[in-house]
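Below: one structure, written as structure tokens.
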């Protein structure tokens, strides 16, 4: 099937864990370390060299680390210098540029494009076609939906890049634009197609172009459903509180 | 050229019709059936296995059917369980997830991403970079333009998915967002960058965020052109009324 | 590494300059000419045949020219009939359709999609995921940011395509839509998420849906920074005035 070793290239300087599958037509470059029980599907590149590689005969690839139990779907490209925690997964044709750090149990959807020097926490979900500019940062348990963008250049074109920040547990809707340097607090919900041009406080429901805070998200009532936010009490698939409940998990975590 | 059988993998459990060309570096998985006179270009995957494939040693690929005279352009990925009618075509790097059903003579543009469990009628055109979420449905003769999105999650994140619906003959402009569960009627035109948050009646011209109905599309006059909608009277390329005219075709169809 | 000649196909009718590197799994078609010192990374296609190729046994690929010192990153597809100036570069998975002409020293970002019969000047930067429809035209030193779109169909669907135009030095923000046939002047800045539905004069700062001119960009003051526009006085990376300054370069250029 697709893991039959056909047209695969693995650098002798890569370290491949035990029980790792590498799909056909994939390439693993120098100084890549792939954790145990990971799957790299077909036509992928892990440890893609930086631009100096093309011109510098002494180029040395920086280390790239992918944690155990990762799943990279086909046609994805992960640059050298990325540090990705355990249980990392991608859709197809994902690009992650150099020196990006991603925590545990995150997923990055089909066609998403992380431009490098980005920090992402743990348990985040980037759906399809999310674009994160350089120097942006994202907390834990953050979800971004298709075609959402974090930008970084306040006076384009410039070299004065200011990535924004999204706090823990926040949800960023489809086609949302976070303008350069803007901070979205924790536990926010940003409505579809919003342009966020200034700081959004924790627990805000914000929407519009420019985005305005409509209400405290804890007061948001849905007919027949009550208050769906904060969402951690009603959604647990893939979250560390799965099977436990958020409150129990929090109590256990705080004890530690 | 690109159909020289270089680095091609075809499952012995696939059924390939007569006069089918398969491009270099492509893979055809178990239980895929490709109709006669189809072309699968290079670096494509047809019958991509579902996620259980990676872990379940007894995994069996569900059947995938592609009708005759189809053309899949390079680097596209079509998951197992899809049923695609005759004369189906794609641009490059299209993703179609599992259990999607598409009628006859549809095209799906470069980089479009159909997330699975989607139903699309016949003679639809999805241009580049269209994103359709799970459980959405689209009628016949519907056109969607670049970066348009159909969403499905009313209170993200949730598992309570409610795909929307677009009626026959409707045109959905660039960067339009259809919110979860929203129904766009037949013969509508949705202007660029609109966010559609509630039901749109048949024959509406709607635009804005949130989208508002501006007028009955049949009253829309363009200087020097008269009324361009419904469009079927003036556009026929690739439509079943090509060379016949819409009214004649309708009369013939109704007779049947 | 990735230039080890593995699974490469080069037409005997292609002309490859001196010191050109071609990555693994790439294909170079008939009548492609690649200038000296260029790099074509892995899994790319240069000179992708037009649709007649699939059906016409007498099909002949039109000439494709890529200037010297070009860098095409992996998984990109450049159709036959394109003429690309020196120092052209792309991100990953770029698509450039047939008969597109691009000047010198342009870059086209990851996942961008240029639909064919497009004219782009010199020193332009298309960032990731920019979509340019057929018959659109772009001047020199123009920057377009992610998910920006130039459209071309005033009454979709039609065959009456009218591409827009963007003048020299203009900056087009993320998620901007330029409607069919609209002219954006020179030295403009179009804010994020705008929909440009009518002509924008030179030196305009415009934003909104529909876009309105907010002020003459030369009067735009930023606290602590003064006036950042026109931008050529403060940004020179990769521009022909790098190391010289814009005014000196202009004077030298005018003398010529």
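Per-chain residue numbering starts at 1, and chain names A, B and C are given in the order in which the chains are listed.
FYI, a contact is a pair of C-beta atoms (placed from the backbone, for glycine too) under 8 Å apart; a residue touches a chain by one contact, two chains touch by 3 or more.
As the structure is a prediction and not an experimental result, all values here were calculated from the model.
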Interface sides of chain B and chain C: same vs different residues, half threshold: different
C-alpha-based rotation, chain A on chain B, 0 to 180 degrees, nearest 5: 120
Geometric centre distance via CA averages, chain C-chain B, whole Å: 28
Shared-contact residues (touching 2 or more other chains) in chain A: 7, 25, 43, 75, 93, 111, 129, 147, 175, 193, 209
Touching residues (chain side chain C, partner chain B) in the complex: 7, 9, 11, 25, 27, 29, 43, 45, 48-49, 54, 75, 77, 93, 95, 111, 113, 115, 129, 131, 147, 149, 151, 154-159, 175, 177, 179, 193, 195, 209
Residues of chain C that touch chain A when the two form their complex: 1-2, 4, 6-7, 21, 24-25, 39, 42-43, 71, 74-75, 91-93, 110-111, 125, 128-129, 143, 145-147, 171, 173-175, 189, 192-193, 208-209, 222, 225, 228-229, 231, 234-235, 237
